[in-house]
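Consider the two complexes below, in which chain A is the common component and chain B and chain C are the respective partners.
And then the complex of A and B:
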């Protein structure tokens, strides 16, 4: 028997057409699902009354998959088959893992595929499959709670997730049998949960310190439109780090080495987490460590000591707050609301430092663990068509600029960083050589001028361009970023209509430190980049001049030039050839000018000749 | 005319109204649709029309359209839990049969 919920006036649905929707916070440490029932968004609990589902999956040898608390309870005794924090490797490539592997107690399967596979008793699995197991559990819970199939869900992702990571999250949703309405940035979801979207105007900062990620976002609401002004953060900083800090401290105090003992490390981490949580209310706690030989050691941890251990991390988050505000061109005093998100914001000293920095109390009435899921549920309800139509348009921004490679290893940016999405931008490019019939489009992400300093997202070839002289082809390259931040690139040659396109697939991801570094580098190397760009542009120009002149000489050089004239041009050509690969851009510029100067007469004669050719047999009047 | 609410139903309606922040009560009704002919509706009531029947039970204002009232005579509105699912349920003595899923009924 279907149970009914109260609808908005006039919004009662026809039987069998209820559009059930849910919001899912797919977290590094914990995941939640929420839905709007009788006009109120609330998280949905499992049969035991627990809202929070630990993002932990355990694979057993006999085809069984455990998810959540039951999996977590096996973490200590079966560490290699119990996978936690897989969100950290979502959309990451094998080569990206080098920086993380030290922190992740699993074994990666040796393979050639670009998507890393974790070795378990049930065979190798990818982070997408593991996440899909978590999503599947939440889907079943939601469908049981709501009494029907879900028409769609909104899944939240950190504002910092790049294309590959977003695509991986969407894939996981699909694999779990979910219709993903859209992905929503976590800070935006939090602001929606607090109803800030219904306020007139204002600037909001969202400080999100979760288990595995930290980010801070500055949101502005103007004329009913939500916009993420800037986001910054560290996708590898969170409560897990605090646990590791405590565990390392305790192991050292207890004089134990967990280097070769994953079980002991797990145990220490579990104890560390418990200690951290109890220190939210207590002034001190005791950590009890048992190890193989049956000996147990007790270590006392005070809140002061704990705060000292985690201070380096908190200081980093405050530095990010400062930087992100600066990027949005906002003073701390201009921020009207501060929202705390993530379980780690329960730690009193985190709260204290954040409020001190912004100079005002933070919003924390809604459980910081649930606030993102609640906002996502409200968005999902609206997208399913159940709302009263008062929904706001939520705009998000691109974390890094997008562009294509042009001659000389340069990046031509089509969409700038922090552009609101969805967005589409196009730019025209042309061929470099006469008769060029193909063009390789290399899609890049980053803030630097040279290709090697940016991140390569994809390459594809536009072929069958009709042969034309260099510069005559019009190739329109279009970048389109959808509401989820996923990129598709297409290229079309205008006269023939030949086209090619690519969707950016999860091939590899960026580590947090890489994003940070890419941004910092773009400032630090700004001047150097400018010179590099100038040099590269001159080199390209030089090669273009040599190329064009070379083919012209070959064709008409003998007819139009005396031997002496030809020698002078040849000399200038040789001079330019000698310097065009060099590092001195001024020298190249001069050599180009010199060559252009010496070949002026030849160019003029060629022009006259071709005009004569065209006009032969015609009278001048015909051309008027 | 007698339509009533169980304690649990009254408590939940009040909570939802409070959290919604507006509305004068709850509107119950039937709709002629669904696989067995009729379906129950339950909505927030923001205003009362002239022809509406309005009464109060356990502190909750219940609004019913005159066309619906003949089908709902003697109905008790309950709020129950079934496994993980929870929601409102109409206990209607006029009901003859209902479709397998229970979303629609016949009188």
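And then the complex of A and C:
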């Protein structure tokens, strides 16, 4: 395993063992896991041969947790303890629930926690914990069918997920004991699956209508590079809305009120869903509602009527397509491929309207339920270093603008939406009063001008600012968004050089301490296990660093380092070698950090060398 | 602890990388180049410093950079390599976003000539132009009363685009001839069209939303 495995084109890297990796599509209604086996990405089935895991978790009073189809079968009979569609509340605050509550038949616990908690027979749970149960089930499935521990996973998220929703998803992964290589946008994952398997090239639009979310992304596909040009969508629009629309219509027709009857509502929703699915092929269907003691009503639903009911939603998705194309500066006629993703794109009128808008037939030959998981598996395999994806590169964008609160309750935008990530922007702030030593920065995400119309992500308290007259301090705050689309913030006072301390208070979402506690609480990670696991991980990491640096030094050490520089690195190497087999995990960590620190310049120079090589190679190609 | 509402300053990227050691910068230098030039995006991409831009060449170089530097290439590597890769990618992304946009590139060229301006406070003094701008703003405001607002908006948008294009080609020629003050004046004027276009876009989105 060499440090900086950048190799010349056509020259393969050192062969190494195949590392197990998986892609997980954590959906609103259904979830899937896929992996690349013998070069082919495929979804993994459970013991009963089912690929799809319904995203449903049931908590019983006896501490039992059921996930998937078994949980789903209790949905009607035990509606309050059987949780479905929790993706809708991922990263949402207690106050957001007011708007969603009518759509979710759960009881929320009253508490001051930032993260909404759902009341169940097993006590209050958050959407993050519920999602972690789904992820755990998929992890076990993958490890059973692949025959070993996963080195890491890629979890997909709607492209239009904001920072809080992404963070919540990543936290759920951690809670499930997964190493999350990357969060990948669902439409990008689908484009990867088509791009790699079908070798699609050119401007591609991905229309992804799932159970609870809608996304559209415009990408440029060129020789293995998947460059997202723009993305748009609605994280609360999907097939569930169609079910609810039908259920409301049917209940009205049957003259029934489900307001105080969660069982009837669940039944109506289940029937609506069945009706929706049968209308994919049939021209009409009959919905049968049982209520009270054996009385039942039958209502006929035609495809025309159904299409009328869902048209307002489809119209919204088409408006998003128009807007997203405009952001990418692309005309509908310039789009060469349209990819349909998500179960709801099976509905004939959805397909019809999308094809009409783009004026060409859409691709859907990869199962729209599986395509996202397949693309994610391909990226996971690449990131695990299994060499399958050499030359493949995914370049994504920030879906929603980031800004800070300024005077007058307004948002000043720092990073515009559809900016390529990773990205960093610095903004300078100054003090408002003489001698002011602290200030608070409120970070928001969204496109609207007013603070209350945007999503509050966090507040940062900058403290320890040296006292100066008003306006004299220059505090440079750097906002950085990584390849997962996640934000981090750092701050420094420029005139004094003091770095102001940043205290992050997420508006909602879990803090690191809360996650650690949850991990500890879970019996799988009893404290002793945690320590043993941590020690083992650090020993492996230490060996990896030593090995990688060793081979890099052998190759380039003479060219890139002075004798003195090399000696300093040698000392740090020896120190790490001395402690890396020991039991003191903190000592190993420090020695690794020290070695990384001393070899930083060397690593940087090697990277520079490889970039030069790439640019030179590029030029040669250009002039040939 | 005292807290106040904070007034925002101006966003800048120029000094984003000032925390990095020279070695970080060294990464982005092509052979036989002076270290200070790393801040020059044209040098970074190995493209001639000027307004005319070969977009295809720019894009293909951008992709080559990303292919070598993107964080996905450093998954499973040391946290140090990941951090450096991240900083590099951020820098390349920033440079690319400036070079590919006509307006940003024009500003950047002026900045390299120490003619940077604050778009919020500095403006064109050409009265005829300003009168014309007022007229255009009125026409944007009147769009709501149009019989076919979307069609009227499309007409106006293509008119703006035309005028903007004219300013851009004039900028290009003035800059190429070394008439920097004239070029700056044109950049100031372009700023107006940027604002008009944004207004138009917002209006368009609002109109489309009303149709839903």
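Throughout what follows, the second predicted complex is superposed on the first by the 412 of 624 C-alpha atoms of A that agree within 3 Å, B and C clash if a C-alpha of one lies under 4 Å from a C-alpha of the other, contacts with A are read in each partner's own complex, and residues count from 1 in each chain.
In this section, a contact is a pair of C-beta atoms (placed from the backbone, for glycine too) under 8 Å apart; a residue touches a chain by one contact, two chains touch by 3 or more.
Keep in mind that this is a model prediction, so the values were computed, not measured.
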| Contacts of A:47 with chain B and chain C, given as first, second, both or neither | first
| message | So in the superposed three-chain picture, is A:601 touching just chain B, just chain C, both, or none of them (first/second/both/neither)? | response | second
| Counting only touches as set out at the top, which of chain B and chain C does A:472 meet: first, second, both, neither? | neither
| chain C versus chain B, contacts on chain A by residue | C
| said: For A:146, using the defined touch cut-off, is the partner it touches chain B, chain C, both, or neither? Pick first, second, both or neither. | reply: first
| task | Scan A:38 for contacts with chain B and chain C and give back first, second, both or neither. | result | first
| message | One more residue to check, A:612. First (chain B), second (chain C), both or neither? | response | second
| said: By the touch definition above, which chain A residues appear in both interfaces, chain B in one complex and chain C in the other? | reply: 3-6
| note | Listed in rising order, chain B residues that touch chain A in their complex are 12-13, 16, 19-20, 26-27, 29, 31, 33-35, 39-46, 80, 82-90, 99, 101-104
| message | Using the touch definition from the top, list the residues of chain A that touch chain B in their complex. | response | 1-12, 14-16, 37-40, 44-47, 141, 144-147
| remark: Residue set of chain C touching chain A in the complex reads 1-13, 15-16, 19, 21, 23-24, 26-31, 46, 57, 60-61, 63-73, 75-81, 84-86, 88-90, 93-94, 96-97, 201, 205, 208-209, 211-212
| task | State the interface residues of chain A toward chain C in the complex, per the touch definition above. | result | 3-6, 151-152, 181-182, 222, 225, 227, 312, 315-316, 319, 322-323, 326, 379, 382-385, 391, 393-395, 404-407, 412, 414, 419-433, 436-441, 461, 463, 474, 476, 478, 480, 482-483, 492, 545, 548, 596-597, 599-601, 603-605, 607-608, 610-612, 614-615, 617-619, 622
